[in-house]
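This is the structure I want to talk about, given as structure tokens.
Chain naming follows the written order as A, B, C and D, and within any one chain the residues start at number 1.
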Amino acid sequence: MERLRSILVRVAQAIPVVVGVVIISFVLTRALPGDPAVYFAGAAADEASIAEIRAELGLDQPLPIQFLYYVKELATGDLGQSLSTGQPVLSDLSRRLPASLELTIVALLISCCVAVPLGVLAATRPGSWVDHVCRVLVTTGVSMPTFFTGILLIYVFYYLVGWAPSPLGRLDFMYIEPDRVTGFYLIDAALAGDWETWLAALKQLALPALTLALFTMAPIARMTRAAMLAALSSDFIRTARAAGLTRSKVLYTYALRNALLPVVTTLGMVFSFTLGANVLVEKVFAWPGIGSYAVEALVASDYAAVQGFVLAMALLFVALNLVIDIAYAAIDPRIGFENQ
Amino acid sequence: MLSIKDLHVAFKTRRGIVDAVRGIDLELGSGETLGIVGESGSGKSVTSYALMRILDAGGTITAAGVTYGGVDLIKASERQMGDIRGREISMIFQNPRAALNPIRKVGHQIEDVLRRHNRATRSDARAKAIEAMEAVKIRDAEKRYEAYPFELSGGMCQRVVIAIALACDPRLLIADEPTTGLDITTQKAVMDLVAELIRERGMSAIVITHDLGLAAQYCDRIAVMKDGAVVETGTSIDVFSAPKHPYTQRLVDATPREGATIRRLLPAEARTPEPPHAPGITPLLEVKDLVKTFEGKSGPVHAVKGVNFTVHEGETVGLVGESGCGKSTTSSMVVRLLDPTSGQILFAGQDLAATPAQSFARDPRRSAIQMVFQDATDSLNPRHAAGRAIEEPLRRMADLGRRARAERVRDLAHLVGLPQHLLDRFPHQLSGGQKARVGIARAIAVDPRFLILDEPTAALDVSIQAVVLNLLVDLRAKLNMSYLFVSHDLNVVRLLCDHVVVMQNGAVVEAGPVAKVMDAPSDPYTASLIDAAPHPPVRKLAA
Amino acid sequence: MTVADVARPQRQSTLSHIAYVLKDNPVTMVAFAIFALILFVAFFGAAIAPYDPLASNAARALEAPSWDHWFGTDNLGRDVFSRVLVATRLDLTISVAAVALSFIGGSVLGAAAGYWGGWLDACLSRVLDTIMAFPLFVLAMGIVAAMGNTVENIIYATAVINLPFYARLVRAEVNIRRNAGFAQAAKLSGNSDVRVLALHIFPNALPPMMVQISLNLGWAILNAAGLSFIGLGVRPPTPEWGIMVAEGANFIVSGEWWLAFFPGMALVVAVFTFNLLGDGLRDMVDPRRRT
Amino acid sequence: APNGVLVGVHGETINSLDLHRTGTNRPSYQVAVNCYDRLVTFGLKTLEDGSLSYDYATINPDIAESWEISEDGTLYTFTLRDDVKFQDGKPVTAADVKWSFDRAVTVGGFPTVQMKAGGLERPDQFEAVDDKTFVIKLDRASKLTLPDLAVPVPFILNSEVAKAHATADDPWALEYVHKNTIGSGAFKVVRWDPGQQLVYERNDNWHGELPGVKRLILREVPSQATRRALIERGDVQLSFNIPNKDAKELADGGLTVYSTPIENAIQVVGLNTNFEPFTDPDVRKAIAYAIPYEEIFQTAAYGRGNKMWGGPEKATEPVWPQPSPYYTDLDKAREFLAKSKFADGFEVPFSIDLDQVDWMEPTALLIIENLAKLGITASLEKIPGANWRTASLVEKRLPLHLENFGGWLNYPDYYFFWAYQDGHLFNSSNYQNDEIEQLVDETLYLPTDDPEWAPKILRMIEIAFEDIPRIPLWQPALNVASNGADGYAYWFHRQLDARTLSPADS
């Protein structure tokens, strides 16, 4: 009950955030230079046809009115039409979001699989050469601009060595997109039992996911190390050791589980950060995600698309925080009881 | 049963090698309870960790021999040690809440040990764990099995820690300050429980404490440690009543107890005549119907519910009570760091509560009321050197030039007995006693008429406590200040105070002259407090 | 015997403390050495550059690295080495200025919220949440796109997206200290709330912030580089690492790897150095690390 | 690629399948080309280098079997072929043509403007006399009408299907046609993932000569480096509209690269005559002499396209584009500048489009460098794509900028109409000259074989070069690389025409 309440409180707290996001994204898009009416009127449009399009887009109204319209449409679940793709923003997003999510999640999985053990290793031997090597390694990863890493990887693994498939988005054109269930190709292909497509999708994922993983390893490894160090030096570890518990039990059941709390928080932050930041990776790998969508939309002053994107990200962020809270509550029984 | 010969422990640190333990010899017979006492940093804990081989990385042990039941604990393999820990030798620690894994059910933590030492299988682990909990007198063990440490009180947690330690019936129990961090009343309950279990199971035990009184009460023999070495061992009665080593003598002297005067706490050579102390009769501070209610998340918390007391000119009033009874809240209000919900604080006839705490910093009466904090470390800004800390109130409240201020700081340091060369050290470079002196110097820098002392010696060793208490007595006489002395240590209150106010649950349950309240408490709560305080055997003063 | 005699650690000067921190950790030592080099190049880069970083020479376009042009030349025949050197100052300026802005802004907001709490805290937290709920890089893009891609705007955009991190950190650090003994002692010493906050509590939040600062210095550069990659970065022909990588990226596949590689490496080294500086910086400003 | 499948890449996004829709971008025009037919079409010819190109000079029947033009040139009567069917099997009738033309002139925006260029402005001009006879009535005779019927805009839709999907709000079925192709053309779009790919499949019942390619997959790959790697490694067979540098190097590397100079298009430096220094023709001339043409041509265009400088003093041929008489001569530049009020130089921003940095940036930087030698300080300003059109063409507020208008209809007067007439869209220089106004008005509808036409054009060119509000740099080329695809043909609309393509091995 207590926990349910605290989750509800979190949801309630998210409402002003979403409202804020709606307002800021509206203001931001209107502050963009450039006139979508002109842009989309086409190459040889004259004054009259521009005005016509402006009226059609509702851009001839004063800003507050436009905002009201926007909010009214939002309330009915209508995010508007993207001018640059010519699709309803909602359908654009629902098609592209799984692509971004799939990429980000796989990247984070790779990243965690490497960074968490590295962090634990470093924490068990603080100050040793292992520690220093880990630190240098992950720091190098985070120091490389993702687009640079991506291009280098393409150059080496696709262009020179030829191991990777052509960096053409989510699936090589030889394969047919699996039936859409979740939008995640790996899952959809597995559901359909089409392992050939599954493998092809995985291959396409490998390089972009690696690029992102390299970039996200550092915060995770750092936080794991710090949290492990803190956990290992706490009193209850001493109790566990004094009780004769085995080293692995002490390290994993006692220290690591406690250290996971801050790691989960970091992971959440990294996730939302990455989802926004894989714009560049998506561009390099022609990945049809929402990041590249946002860039195109922004450059084209495609109001509806930018607003829709930002709103989707904000909702995702809120949802993510909720998931983290729940994960936190699952790991840490103290959550929701602080006030007692 | 356990024999320690020439045990050395050294740590490699940034500052070089620290010899924490330098050659200890100890013997412990089976069924015997050995107390190890000594001041902070004397190597008590390190010795016990060395026995268990659970030192931090960087610690190295060398010894001529540490044998336990024929096994050399220093040479034993890590696997052997794993089997010994928890099954043969167990440990319990101070601060029980921190000693338990915060996110694991206490029942599972007990199970972990049982399973590790094959005392239980998957199927009967739960039952055995509950059994172990019942053994340490945890009521509703079945229910508590599912609890997390944060859902249990401190005393309950300590029982769980004890249950973990005793789950596999070890033959030796090491208790490292098992009562520190607990309430006085809980302290007694826990110690009684430990003593009872030891007796029942015929275990040997090592009880580590800095409280000589406690050791004397519960142990057969006592070893006194100083600077990593044992300076004296003997039976409790002997060590207490006829200490041989000068250090032990000093330690015994410094332990507050019935019948001693405040100067008696100091080593003989430092005892100067006690200054005369004659409290006046004009009321300086009158607290009337003071109420403080906090808006907690789950409803209002009534921390202080209508407290009344008076402090006269030159008088020292003690404020005692269990943890959480509202002592600190009351003193914060009096010192105007906190606004009362209602009530009056009359200082020299003027109501201080009329000025909100927020703007009291600029009030001319600010300098008249000062405070010494419970935790000296916490009360010093880690970024400010000692001199700067003492200077702080002068900068803000005294109209002095730079040089005059520096001069005054030196005078104050001298007054509280702080060597001048320590003035430009940072807090972490000072010892506890030195930090306490800095705190006191700062509080008296602007010549307050009224000083609140919120457990100023709680974090200090007894010998340092003795010095600080005497310093307070001297200052009281020299500067003619009144004190409100907050403490939970009744022995200390008896030494220092003229009047005492006993609080429970935010209300005053008893007040009166110190001798009357202590000797003939009228309230049962007061009586239980007095009973729970350790009663060290009285040293033959003639010795 | 008095208590005063118990401990007598030697007092160290600030310099020897820094030397100590450096010696303690070889990685930090290397980081500081590279940092010194970067600073040197930032100050004297223009003077030691062998060529004019803006002078084009169509006859020698796209030459591979050689003795004449250590890092080769770009598509306009400009010397990549000189451009990399000269770019140091601008990149450093962008990151330092952006971090300074977000540090100041975040500190003021976070400290106030952490100290006074209440509705101020609630409002600020919501505002910060709102900023954080934006995909930060896209927010930076939006700001630069809306305000124009000048160096100042890149700095502002970077500062805005970093601000919540500082504000939250400071808020947390101040919050745990607002009732600390030394804060109360400072009030007893006649300090007003603002003074207590600014002179007593806030400085104690500095050590953990140093780590954040150093990480952010790196992020800021990456961020500017990312903006350049999208085409919203610093204006050419001004040499800037990010834009050089972004432009050079198109040449990698055609074999002119040096265009992107060298500025890319400069970028990596700088960010790398900043990231590693953090722990050392924290140890330097933390008096508790002094022994 | 297996049995008749070709894969192509390009860097742009197709945002609609319907050219008539508001907001449809240029790359999407290819759908109209590939999936729909028109009444007439341009012929094909083989260029000197062996590559294919559309032929502006011949107009061939497409859906129209034949046509007649009345004496006064205002009445066009088309007779439709009777064997042409839409992809759903319905025969194409004059009613469909009428409906489609009505749609083009009514929906507004670009299609309507383009129709207007050919004198097609109102539905009442079009009449479906019977199933096979379609009549257009013009307000005035124009040489532009027939070619304008061959551009992508007047494509013919299946009006019955469209009407079935039309609503009161959407009488022209814009929503439906946006996502579906309902034409009679050589291909149909079987799959469209906006932002990712477009898949064409051959219409085996097409009335024309069946294309060699059965299936064409067109992928959108934003990264230019990736596109290059793909074509180089042979993973795709066609890379459309590649940068000049890649074109040069891929050609050197042995791939087939088609570089066709784009008709009626020039990359120019625009000098906005509304702004202070550029009001002075001497300043404009000074700049024209200061530009390092050859360096720019080599660095920005990698020698692809045609040089547009160092031409004769006086134009002799009525062709456009043609080289200007200017060339790089800093002394001359200084001379002209000295004559002006700005002998000591001035400061000016030099604006370029963010979306076209690949050629604009090196060009601008090289010009800026030379201008500095005259004491003119120009600072580069990149304008994001969305704003570029507004700033440069609509508001015309960029003092010094680059511009690259190209006219679909290949007549000098058509170019001048757009780029030199006051207030017209591509006149980003705000140039105004009464004589030019008059000359354009006189020549625009005049047939090229009219004896008056050539001298007037020559005079126009003379004025343009003398006043030099737009300094021609070079005529750009459209580069397309192929690695396993044959039959690429250049079209004025600069979009991929899949109808002539075939896999190389077949």
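Everything that follows uses one rule, which is that contacts are C-beta pairs under 8 Å (C-beta built on N, C-alpha and C of every residue); 3 or more make two chains touch, one makes a residue touch a chain.
Chain labels with UniProt names: A, C = Peptide ABC transporter permease; B = ABC transporter ATP-binding protein.
Quick caveat, the model's predicted, so the values are computed rather than measured.
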Next item on the list: Look at all chain centres (mean of CA atoms) and spot the one farthest from the centre of chain B.
Entry: D
Notebook entry, point to check: Higher C-beta contact count, A-C or C-D?
Noted result: A-C
Check: CA centre of chain A versus CA centre of chain C: separation in Å?
Finding: 24
Checklist line | Euclidean distance of C-alpha centroids - chain B vs chain D, Å | finding: 87
Next item on the list: Round to the nearest whole Å and give the separation of the Cα centres of chain A and chain B.
Entry: 50
Next item on the list: At least two other chains touched by the same residue of chain C: list those residues.
Entry: 145, 231, 249, 252-253
Notebook entry, point to check: Using the touch rule from the top of the page, what residues of chain A touch 2 or more other chains?
Noted result: 32-33, 151, 154-155, 159, 283, 299
Notebook entry, point to check: Touching two or more other chains, which residues of chain B qualify?
Noted result: none
Margin query: Run through the chains and report each pair that touches.
Written below: A-B, A-C, A-D, B-C, C-D
Notebook entry, point to check: Taking the complex as given, what residues does chain A use to touch chain B?
Noted result: 126, 233-236, 238-246, 249, 253-254, 257-258, 261, 331-334, 337-340
Next item on the list: Within their complex, state which residues of chain D touch chain A.
Entry: 7, 9, 13, 15-16, 21-26, 108-110, 112-114, 117, 178, 193-197, 217, 219-223, 225-226, 229-230, 232-233, 235-236, 354-355, 383-391, 393-394, 418, 425
Notebook entry, point to check: If you look only at chain C, which of its residues touch chain B in the complex?
Noted result: 1-4, 6-7, 9, 11, 20, 24, 180-182, 184-193, 200, 203-204, 287-288, 290-291
Note to self: List the residues on chain A that touch chain D in their complex, please.
What the structure shows: 32-36, 38-46, 48-50, 52-53, 56, 83-87, 92, 95-96, 151, 154-155, 158-159, 162, 166-169, 173, 283-286, 288, 292-293, 296, 299-301
Next item on the list: Spell out the part of chain C that touches chain D in their complex, as residue ranges.
Entry: 54-56, 58, 61, 75-77, 145, 149, 231-232, 235-237, 249-254
